[in-house]
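Below is a structure I'd like to ask you about.
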Amino acid sequence: MFLKDYISDVYNGVTSLLKGMRKTGYYFTHSKEIITEQYPDNRATLKLADRFKGEVVMPHDQNNEHTCTGCTACELACPNGTIKIITKFDITPEGKKKKAIDAFIYRLEMCTLCNLCIVACPSDAIIMAPNFEHSVFDRSKLTKVLNKPGSKIKEGIE
Amino acid sequence: MDIESIKSYITAHAPEATFDETGEWLNIIVESNHVKPLAAVLHGQPMQLDFLFCLTCVDYKTHLTMVYHLTSSKDRSINIVIKANVNSADPIIETVSDIWRTAEFLEREVFEMFGVEFLHHPDLRKLILEEETAIAVDEQKELVTEKKGYWPLRKDFEDPINMIKL
Amino acid sequence: MLSLESITKTIQDWLFAKFTPQIALTIECVIVILLCITLFAVLGLVLVLLERKVAARIQIRLGPNRVGPGGIFQTAADTLKLIMKEGLTPDAADKFLFNLAPFVVMMVAMLLLAPIAFAKNFQIWDINIGVLYVSSISSLSVIGILMAGWASNNKYSLLGAMRSGAQIVSYELSAGFAVLTIVVLTGSLQISEIVASQENGWWLFKGHIPVIIAFVLYIIAVTAETNRAPFDLAEAESELTAGFHTEYSGMKFALFFLAEYINIFIVCAIGATLFLGGWMPLHIGHWKDFNHIMDYIPSSVWFMGKTFFLIFLIMWFRWTFPRLRVDQLLNLEWKYLLPISLFNLLLVTVIAIMGWHF
Amino acid sequence: MYNQTEIIKDTTNLGPDGELVVNMGPQHPATHGVLHLVVTLNGETIKKIEPHLGYIHRSIEKMCESLTYRQFIYVTSRMDYLSSHINNTACALLVEKGMQIEVPERAKVVRTILNELTRIASHELWIGAMAMDLGAFTPFFYAFREREMITDIMEDTCGARLTMNYIVPGGLMYDIHPDFQTKVKAFVKQFKEKVTEYEDLVTGNVIFQSRTQGVGTLSYEDAISYGCTGPVARASGVSCDMRKIAPYDAYDRVEFDEVIETAGDSFARYIVRVKEMNQSIRIIEQLIDNIPEGDFVGKTKNVLKLAKGEFYQRVETARGELGVYIVSEGATTPYRIKFRSPGFSNLSVLDHIAKGSKIGDLMATMGTLDLVIPDIDR
């Protein structure tokens, strides 16, 4: 009885090991199963998810106009103090004073990409862009001004 | 066991306990020196609250409150919260780590974060922030009296080095 | 046909015609040493790359593919990096032993190269106790490992070295018994005679089931002896970080690494010689024509093919199995492998005496 | 009584009775993060294990006290980063409970599916990492191949792969991706095919079995006393699945079994997790075709204020029971918040169950406890 157990032990052990080897052997011989993505080489064909949260950007149209009213809703929504909005007062052609942004300062190094500012924005002025290659040599380069120089607010946005 | 019978059972064993049913679960508020006997009673038959799933402390500025969340592995619908106020300046309470082993680590955490001293705890040491604050406890107590805000999770904690003001 | 035998013969004749026998012998020695070192370097580069590629294929990835076409210069680049690195010696280490250990391990690996027959009549030293020589020298490698573990003055290293000591001493036994089965069948310890005895078929096919069992035991035992997964307890990455070579860096580490691969090559070469006929082509009994065709493939190709097949097998093990625990490792040897190999040896002896083998 | 345990710096000194004190971690291949264990050994046998935590302590509890009820959710992703969705759900549920926010059915179902996907992803990573602890490197890559499909689904729908922050009080941050259902179905199909590979490579393997069976045995009583939850407790026979005890989201309308083993050893913990993945697949299959149409987020006020009082929410993460305890003073930020993390209690049992075993067993035990260090340190 002891001998029988002993032999069946050895037999079961060896078959279980061979089963594993068959699986790895299958993958060794089937090169089409390889899943490696050759990242820097496939950059041209790389397709990111359209919702990918990479960084906050402010879209400008062809007239260099954005829709940010400088309401600081995003600044309040941000948990880390990533966004800082500096406002100024523009004089409209009718002679009225109108609040507008001077600089939309966005500090990527503090951003956790939580998307709360995008949700909070009432005029859809900022969006998340699928950029993920953020490495720079100097940390100060990560502090960005999102509104382009000379840009102004689009007509009809309050 | 419904709430009324639980209450009468507890009143029989700990007459000074008061109840608070405004929250989701039944809260029992006792004096800090009655926590241990009450815990032993609740852990034993017939309540069998053998599962301490949360032990923490809340700083109400005037005092600290120890909060124990208990349930029974036999009947998970029973959830009981024990609360005990402890003195803020010199917080001392009896350990419950011999009743629920999980309290050993949780009490170490509370000791570290709030400075509550647990009597008869087998191994009361800092657990998480040991390296930065490896000062003997006697000195720590002096610090607490001299300069407020030594314990990290208390409301008066100030850390000019590590806290970034925006 | 260009054969290694004729080349060596030409060189030897030329040397002896030109110089006195002493000088000719010295020059021959120098040539052999140079060849050995070259072989070591090439083997190290090839085997490390092979291992990485095999691992990559099994793990459904590509492996090194940046340096050179298909990554073939990856190991060369690695070696360059290791040479440039600082060879650190820890302060509290026993400096002499610490620096000596990698060379001991390497030296043992080099010594083992001597009796291996790489091709027909292409052998450094056809000593008449070849098999005994191999098994005695190969057990010396544990000294280097123990030395490294002890001298590092690191607890992980010490644990690794002690594990390795227990492991190699145990597994030496079943490896020895597996080798003995072939010695019993051949009746000789000399490598060249063992190869010659397989002219009408390899021992793996001639010797019935007992030799197949001996072959399996041999592969398991040498996997353990070379500290390869699933028996890599001496370095057990997830337990002892890197075991006995935790403290080594730069070229000293590279020597350990190289010695590991050379050892694999050597044990696989011995295995191929004993069980798969060494450089002997695949011959089947009386099939004259078939044997003749097989003879056209150079003997060195046969030898390397068989050796690399065994090396691949050992690599395959490594990337498939989890690691054993230290007590299970010794259990496996003393409760399973040793009784089986003893019984197996008995069977083979009976077969050899009765002449039942082919 | 109060003395700090000395972290051994002098390596030349052995303790009394030839004890060998080894600092395992914070940089050690098997601790998966910055866990520091001071292990006292007698030869290969473990005499005592003492965890030293705090290498990744960020004081999330204190941090949350200064964040509003919308903001604090994203921080919890960084606790147990492998089940970040479930952490977020716990916080959102608590805020919803405190403010009586009605959550649309669609959001509930989607949350449930995402939670289960997260659970599978976490277990997949755990299988690979644990096999690697035991010396088998290859299953890691096979497990990651399936996990990759889940992270792709997450990336499509939530916009991030690990710390999603997709759950907001009241529902979801935005609607699911149009491809969500087809992708999940494709994943379920592939998972069912490939899960047998783990059987071949890991479960059935004789070396793996002998490494894990009878190792790190945790008894029923100890599992309760130490406050263990999740697969660790269920492997010891303790029924503690929060999805059954206090169903949240859509768990009350799906059929699934609470996987319970009784052996309590490392192998039982392994089996529980593998079976749990299959149960998660079962839940996903029931829900994926029945995502109700409608809003994805309920009506909420702009500024969230919890009523004065105390709130406690328990959910089942991949590692066990996560409890969120909030003391509210009626302000926009929590007065005190406490996360009862499953890993913390599960870690406290390590010394108890690994004592007397070998170093190799410690890896198996630690691997099957499935410790995530940020979850423990918080």
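The chains carry the letters A, B, C and D, assigned in the order they are written, with residues numbered from 1 in each.
The rule is simple: a residue touches a chain if its C-beta (ideal position, glycine included) is under 8 Å from a C-beta of that chain, and two chains touch if they have at least 3 such contacts.
Keep in mind the model is a prediction, meaning the values are calculated, not measured.
K.L.:
Would you mind naming the chains that touch chain B and likewise touch chain D?
P.N.:
In this structure, no chain contacts chain D and also chain B.
K.L.:
Need the most distant chain from chain A, centre defined as the mean of C-alpha atoms.
P.N.:
C
K.L.:
Between A-C and A-D, flag the pair that has more C-beta pairs in contact.
P.N.:
A-D
K.L.:
At what distance in angstrom does the C-alpha mean of chain C lie from that of chain A?
P.N.:
51
K.L.:
From the mean C-alpha coordinate of chain A to that of chain B, what's the distance rounded to whole Å?
P.N.:
Result: the chain centres lie 41 Å from each other.
K.L.:
State, to the nearest whole Å, the distance from the C-alpha centre of chain A to the C-alpha centre of chain D.
P.N.:
Measuring from centre to centre gives 25 Å for this pair.
K.L.:
How big is the gap, in whole Å, between where the Cα atoms of chain B centre and where those of chain C centre?
P.N.:
Centre separation, chain B to chain C: 63 Å.
K.L.:
What positions in chain D touch 2 or more of the other chains?
P.N.:
138, 145, 201, 205, 207
K.L.:
Scan chain A for residues touching two or more other chains and write them down.
P.N.:
17, 20, 23-24, 35
K.L.:
Can you tell me which residues of chain C touch two or more of the remaining chains?
P.N.:
58-61, 319-321
K.L.:
Line, ring, star, complete or other: which one describes how these chains touch?
P.N.:
other
K.L.:
Can you name every chain pair that touches?
P.N.:
Chain-chain contacts present: A-C, A-D, B-D, C-D.
K.L.:
Which residues of chain B touch chain D in the complex?
P.N.:
Its residues touching chain D are 22-25, 50-54, 56, 58-59, 67, 69, 73, 76-77, 81, 100-102, 104-106, 109, 124-131, 134, 136-137, 152-153, 157.
K.L.:
Given the complex with chain A, which residues does chain D contribute to the contact?
P.N.:
67, 70-72, 74-75, 138, 145, 148, 152, 155-160, 163, 165, 168, 173-174, 177, 197, 200-201, 204-207
K.L.:
For chain C, which residues count as touching chain D in their complex?
P.N.:
55, 58-61, 92, 153-156, 159, 163, 229-230, 232-233, 236-241, 319-328
K.L.:
Per the contact definition, I'd like the list of chain A residues that touch chain D in the complex.
P.N.:
So the residues of chain A touching chain D come out as 12-13, 16-17, 19-20, 22-24, 35, 48-49, 51-53, 77-79, 112-116, 119, 128.
K.L.:
Over in the complex, which chain A residues touch chain C? Could you list them?
P.N.:
10, 17, 20-21, 23-25, 27-28, 31, 33-36, 38
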